[in-house]
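Structure in structure tokens, see below.
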Amino acid sequence: MKRKLVTFGEILMRLSCEDHLRFSQAHTFNVVYGGSEANVAISASNFGMSVDFVSVVPHTDFGNASLAELKISKVGTDNIVFRGKRLGLYFLEKGAVNRGSKVIYDRANSSFAEVKSEWFDWEDILKNCNQFHWSGITPAISKAAAEVCLEAVETAEKMGISISADLNYRGNLWQYDVIPEEIMTNLVSKSNVLLAGGYACKQFFGIQTQNSSNLELFEELTQKFPKLEKIAITNRIEMNASHHKWSANLYNGKTILNSTEYDIFPIVDRVGTGDSFMGALLYGLQHYEDQQALDFATAASCIKHSIYGDINRVSKEEVVKLMEGDISGRISR
Amino acid sequence: MKRKLVTFGEILMRLSCEDHLRFSQAHTFNVVYGGSEANVAISASNFGMSVDFVSVVPHTDFGNASLAELKISKVGTDNIVFRGKRLGLYFLEKGAVNRGSKVIYDRANSSFAEVKSEWFDWEDILKNCNQFHWSGITPAISKAAAEVCLEAVETAEKMGISISADLNYRGNLWQYDVIPEEIMTNLVSKSNVLLAGGYACKQFFGIQTQNSSNLELFEELTQKFPKLEKIAITNRIEMNASHHKWSANLYNGKTILNSTEYDIFPIVDRVGTGDSFMGALLYGLQHYEDQQALDFATAASCIKHSIYGDINRVSKEEVVKLMEGDISGRISR
Amino acid sequence: MKRKLVTFGEILMRLSCEDHLRFSQAHTFNVVYGGSEANVAISASNFGMSVDFVSVVPHTDFGNASLAELKISKVGTDNIVFRGKRLGLYFLEKGAVNRGSKVIYDRANSSFAEVKSEWFDWEDILKNCNQFHWSGITPAISKAAAEVCLEAVETAEKMGISISADLNYRGNLWQYDVIPEEIMTNLVSKSNVLLAGGYACKQFFGIQTQNSSNLELFEELTQKFPKLEKIAITNRIEMNASHHKWSANLYNGKTILNSTEYDIFPIVDRVGTGDSFMGALLYGLQHYEDQQALDFATAASCIKHSIYGDINRVSKEEVVKLMEGDISGRISR
Amino acid sequence: MKRKLVTFGEILMRLSCEDHLRFSQAHTFNVVYGGSEANVAISASNFGMSVDFVSVVPHTDFGNASLAELKISKVGTDNIVFRGKRLGLYFLEKGAVNRGSKVIYDRANSSFAEVKSEWFDWEDILKNCNQFHWSGITPAISKAAAEVCLEAVETAEKMGISISADLNYRGNLWQYDVIPEEIMTNLVSKSNVLLAGGYACKQFFGIQTQNSSNLELFEELTQKFPKLEKIAITNRIEMNASHHKWSANLYNGKTILNSTEYDIFPIVDRVGTGDSFMGALLYGLQHYEDQQALDFATAASCIKHSIYGDINRVSKEEVVKLMEGDISGRISR
Amino acid sequence: MKRKLVTFGEILMRLSCEDHLRFSQAHTFNVVYGGSEANVAISASNFGMSVDFVSVVPHTDFGNASLAELKISKVGTDNIVFRGKRLGLYFLEKGAVNRGSKVIYDRANSSFAEVKSEWFDWEDILKNCNQFHWSGITPAISKAAAEVCLEAVETAEKMGISISADLNYRGNLWQYDVIPEEIMTNLVSKSNVLLAGGYACKQFFGIQTQNSSNLELFEELTQKFPKLEKIAITNRIEMNASHHKWSANLYNGKTILNSTEYDIFPIVDRVGTGDSFMGALLYGLQHYEDQQALDFATAASCIKHSIYGDINRVSKEEVVKLMEGDISGRISR
Amino acid sequence: MKRKLVTFGEILMRLSCEDHLRFSQAHTFNVVYGGSEANVAISASNFGMSVDFVSVVPHTDFGNASLAELKISKVGTDNIVFRGKRLGLYFLEKGAVNRGSKVIYDRANSSFAEVKSEWFDWEDILKNCNQFHWSGITPAISKAAAEVCLEAVETAEKMGISISADLNYRGNLWQYDVIPEEIMTNLVSKSNVLLAGGYACKQFFGIQTQNSSNLELFEELTQKFPKLEKIAITNRIEMNASHHKWSANLYNGKTILNSTEYDIFPIVDRVGTGDSFMGALLYGLQHYEDQQALDFATAASCIKHSIYGDINRVSKEEVVKLMEGDISGRISR
């Protein structure tokens, strides 16, 4: 039986200031590699799923280095293409209290942005796959990336593979001549599992909701995208840059399920937390009932806030312990 | 038209332990340079004012290094005198929770402490100046420093320049044969803008107030120093070393204005926050109505608590965003 | 008059990840040395007591290095034996928020675990001693360690020396063929001062209590161990890994005394906080009335949570300031 | 056709002092993982060979972490057994000039030392293998390790697989009741490729040679071990701890081949240089004539002296460039 | 009298691995900013010249940060344009012994590469200038950069300003549709002072010389470019990556002058050493006779090899001391 | 029998730049504590002598911290006085190749400089002493320091204690109204063992010698100071800042003894190497014949060049190994 998750997207080098230094104070940067779809791949693989990550990286020391964590986590990298000129970068200044974190993207003209359709034989890539995952960052990168993403989604659809997506709205991408709504509508209409978000839905689809619950939004999405079987939303209440409240909802077309709300303070690293939710949700949906899947994903992503880097380095056991209610953070010795 | 702020005071090398290490654990010190009046100068310059800093530093690598941030921020350094033997130092152990931070000053016999009157031609220095700023640290350093400070203030007064002051009471300075009250009374009586403080007013002028509002204090100060046009006070409630509440008041001779109260937790670096208030207030008083000036200064100094070092590395846009009520510390990407 | 505290136990090298990194992310470890009974010795010595630490370390650079902090704090090390093959180690991953800290012990076959009875002449070692201290970690290490611990306790008892103990239950030690209850009952029954704990009492002695106060537990212990004159318990409420509430009780056979409850957030390093309580309690019981002794110990151990490493680097003055109610963590300058 | 290299041995955590600090000065340790046979595996894999590493590590975060570099370098880890209690450690103090480096092993009772025969099905493990590699460290670790090593060698011999060995004499291992000569004679007599050394041959086999060339030694070894087809020796002349001369010889039963002698100064990290020679030699013997194989191995291991850690992070192109005579270390930009 | 040096070129962020780590080992990068023409500007300014640097940087935190060292060194930055999207980057892996350093450029599509002619009013920019400096990197970056460079050179020529150039051949730039020889011939033909190099002359102009002295090359250049008054060449003999010999020649159309040859070992940072020679030569030619100018430039650039970063942080006094023959590196205390 | 070495002098905090950074580049300083006479004390104690260090330090965290290494090395600190206001400091920039290291002293007005005669009861301090050691730094610090040093020397002389001295000429001390020659002549005339130096002898006593051997200097010193029994000189040939040759001579009134000459490259830390020679010489003179004593001291101080900090962290065994001719710096494992 086919049991592989395949994710497709860009992996970047992240350069972050030490502690809470501002960019203007930085005499060193800490280096990790990550990207939404790679983060999802690693999370799911760490929980025990069979996963492949598909991407384009340059044939340089940095292209190679970007794959290290995937390999350590047993994510398949055989369909990654080594082409193009540069690895995309992003710089991260970590805020505190009332000073927000700051990301400077430097990913234009990256290997991935200049992806070519002929580099991928999607029928071959997806042959053992039962779940294909993409996110809204990919079509936002470049026209070429959007096209290849669509080819992947269409092939998956044709092959009867379940398709999942994270809307991942990024306002300062989408820098090419395009109507995002068209592209995203086309892509989401073929998808079965969605990680949505109120702001993203408004930006992409013009959906505006009135009341504070997510139910109305779920219903509008279901109406607009009838193939969607599961829709999730994470709720982040930003008390300030160091202190968030975190919960999530899952909608299965009928009922809206609620998770615990976690109070997260002080945050160690919030980048990649949405991805950690997504990776855990995909695992959960294959191994649990919906409520447990939601609880597993919310707990996993809660813990990610305490972990440096883009990647959720957490075991299934640790997630289950929190999911079952032990928030004590007790020392294990 | 004359539009320059001139500040006068000592700049020091600051040596702080990493993270929350105690002095006895330190195998490295982090190094920055700062001092109350230099911090004010840099803050004001960063918001767009034309600023000059006047001081004395030794003709050594450390004297030079102490000026780097001033130069980076376009603060004029042409009237800084290179004389004397040593740059003043201070050591900082950063506390946490119920353990307070600890400062060890090592600034006796510094170049600035041994300043000489003939090194400065104040009429020339102040010729394009419309605001002169000093703080209570300067006369506390040495008899010589107090004398030169008085000469500067008297020249400014004679030239019709607005004079601002930060009381900055430091109990373990004032180590020479002097009555602080006399000196400070003389200096403040010539000043027009004051950053005061309840404890400083009691120590310097014997002013004791009854009720918890600052109004009574403002009224006593106005009576005692009729030249004062604006008086500000910052209110710091120390929940513990990591967690403060922070607000401020401004008095214009008639009304007492109140700022938002910010809850700041966890604090990254509280040194220089008063100076960041002062620098922003001087900017605000020239560009805004009083209430906005107060709000700008309170927001600017709130953000400073999240920034390592003595200096407030923050843009006008960032201050305005907080001042307008966005406390979310949302990530910008 | 004899006025020396002697403590006996193992000292370890501690290797901890930087900041909140996970073990899998560590490219460096921070190194300190510590162990429950050494920590108690240093704490008590720092407050001014005359103290000796008795142990076994290997005759290597690490055996030597483990004694540095003892020597710096004037703890006597003349009765430490240099034998055996390795210094015990423990690795520490510091958690945050809902992710608990993680300790990996690597102390089997250490020099201390292979201690031999003939290496110690307890009558000689204890000749100027008026307080002997041991903890439940020592008999848990190995059969040999348990035997030597018993010899020390029996000699102290015979010599009329007051004996103190910290139950210090560690579930993953006790890895040899033994009934912990027997050994511990024998050792505690000879002791006069005890730092207990609800979970430890249940594990060691099967004592289960109903109500939430510690009174019932104190009474059961007093009944079971009639020699006990003072019993203390620390109460740690773990909101999460970064945030604890901390208080303590002291029982003198009649009354139960309560301390202030401290809210500790964010915690810098919680390892060794129990030891810092014990060291301060032993000092307090010799210099204060019971209530003050309890308050001193609680305040001392509250501060320890803000200090990196196993050791409580704090002065009597700092403890007294907090004990007298100043929780402001005000900067001292 | 079978084309896999399989190596068998222990992998350790290495903890080294920063720069040239002594153990007594270390407040941090740098962490990498390595071991002779793992180093050989990674080197060979980096040059493009198909390689498997067989070992035992504990089922802990450190057992997992020790495999990361193998996975990054595509070395197969499927036959690594997760059993036992601890990962072996070694500490490294890096000397300079006339102060030698210092290694403290802490590897007794490691998971590997307590290896069990039944954990390995060697016929299965070696089924696609055409080269099996072991080193003299493995039988030195414990009786159990020696037995399993012998089983592997015997199976390889039976299956007609070429066997290579590195004598790797370590005086302070061999800490169990055994005659090293017997074990090593048995193992080497079944091997076809050997990395020898004058001192090791004297210690293991009592072979003493007169003249300074290695020819006599090669002849004695060939006589004693008739199965040996290729014998190599590296010649290290230690001017001091920072400065070595480095060359090698290869003997094919008839001729003795000489390499270039490299002058290496200042050395960055000499640990693992023998292993980098071995890995490159195994690659070279499969892809080149003997002289080129020797030159490739000598150049590869020369470069290793400039690379931090146990592992030779070098590409085939970089080795070939040096092997062809470009010692300039010219900047590539 | 006009006495200003103006240099024009790109400034980059440099990200270098710690110590001698390979890119694949880097978990942090050290950050500095530099670029050939900025380095020349800072060097000359540090010796006391009046200098302006002209460039294009993005209006970001990194654009600002790149100017800090210029401001600290009093280099004028008023004609730097804040436009475009990104600051160019380069990554540096520092080799050792027989492993060369490695530079990965990531500067395509930088703000500077997309420079526009209309952003600069060269007559205004050069109005107080008596020396204009450019290097062969600038026309290599992009067609636009080459055009603006030519405009600057033509304006300088028209205004009777002396023009200096560093050939600075970089093989992996010049990535646009162009014949480098044409552009460079045009630019150099208008220049008066040249820092040449044998390899660059061959690549740019096809000049091949026979004998090992530089005289023939100087004569060919003088013939080809009759405006050249002074030509210098630095001679770097690369013993290996850590050890160079360094000397230079200066030709004034008649005589060839020789410098001392310095033995430099171990090199701390060789990047920017050519620039440090050029900056010191421009200073020397204005203050000394030719032989002294050459000696000053060679000594200054010798010292640069011991200084981290692109910039030569050295005083005139330090250079003169070495230039006068004190190679002892004696401690000053 | 009396068998204690007592040394008297100032201990300082040393703040050094990381690696080879210049002061202007330093964002952190590494911190150690040292001073000539403390360094001698620790060296001698590490070899097994009974040693006391006498000094004045402030009653601050830094005064305490400065004693840590003394306590770790079992040097007695009971006669150290806690008085005065500040610990002396020095800053160290570590040069390389042709750039010399740079020391900036900041020790004026230190606790030690303001020493008072009545703080020391020298008869009591020296009661178990058989060797008193001072250096030329102490009388150079201040008039008060010179007076107390003389009192100590006179008391030692009176008590028949052997007196040793290191001339330690520091040109930028001696900043008070004094004729150094007078003071030094008086002090040296009472001393029995001297570590001299050609430059120091010229500066202090006007002794100029012709030939390159040290014999003439030894003879002049012996004539001038008839009490001198042993005179040693270390010979440092500075090839450059990274590379020295190092040897020494010892004169016993009749013969001049020569040591091996060591080639030291690359130097890790040269500060305190003279002190490491002195400490080892005092040990050697009590345990060996003169030639061996010289060889021991030269070898010990050769190794010190490879050790970070002021202190020679080396064992007797390590020194003997080098002294017996093993310069290989072979790895010990």
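Residue numbering begins at 1 within each chain, and the chains themselves are lettered A, B, C, D, E and F in the order written.
The criterion applied here is as follows: a contact is a pair of C-beta atoms (placed from the backbone, for glycine too) under 8 Å apart; a residue touches a chain by one contact, two chains touch by 3 or more.
Protein identities per chain, from UniProt: A, B, C, D, E, F = Sugar kinase.
It should be emphasised that the depicted structure is a prediction, and the values quoted were computed from it without experimental measurement.
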Any chain in contact with chain B as well as chain C: A, F
Starting at chain A, fewest touch steps before arriving at chain E: 1
Chains touching both chain B and chain D, listed by label: A, C, E, F
Chain of greatest Cα-centre distance to chain F: A
Interface residue identity across copies chain E, chain F - same or different by half: different
Equivalent-chain rotation between chain E and chain D, CA atoms, steps of 5 degrees: 120
Approximate Å spacing (C-alpha centroids) for the pair chain A, chain F: 63
CA centroid of chain D to CA centroid of chain F, Å: 45
Mean-CA-position distance for chain D and chain A (Å): 42
Junction residues of chain C - those touching two or more other chains: 22, 24, 27, 68, 102, 266
Chain contact topology (line, ring, star, complete or other): other
Touch relationships between chains, expressed as pairs: A-B, A-C, A-D, A-E, B-C, B-E, B-F, C-D, C-F, D-E, D-F, E-F
Contacting residues of chain F [partner chain B, same complex]: 15, 22-24, 26-32, 60-62, 64-65, 68, 85-86, 89, 91, 93, 102, 104, 106, 108-109
Complex contact set, residues of chain B against chain A: 262, 264-268, 302-303, 305-309, 313-314, 318, 322, 327-333
Chain D partner contacts - residues on chain A that touch it in the complex: 67-68, 71-72, 74
Chain D residues touching chain F - in the complex, by the definition given at the top: 19-22, 24-25, 90, 95-103, 105, 170, 172, 238-243, 266, 270-271
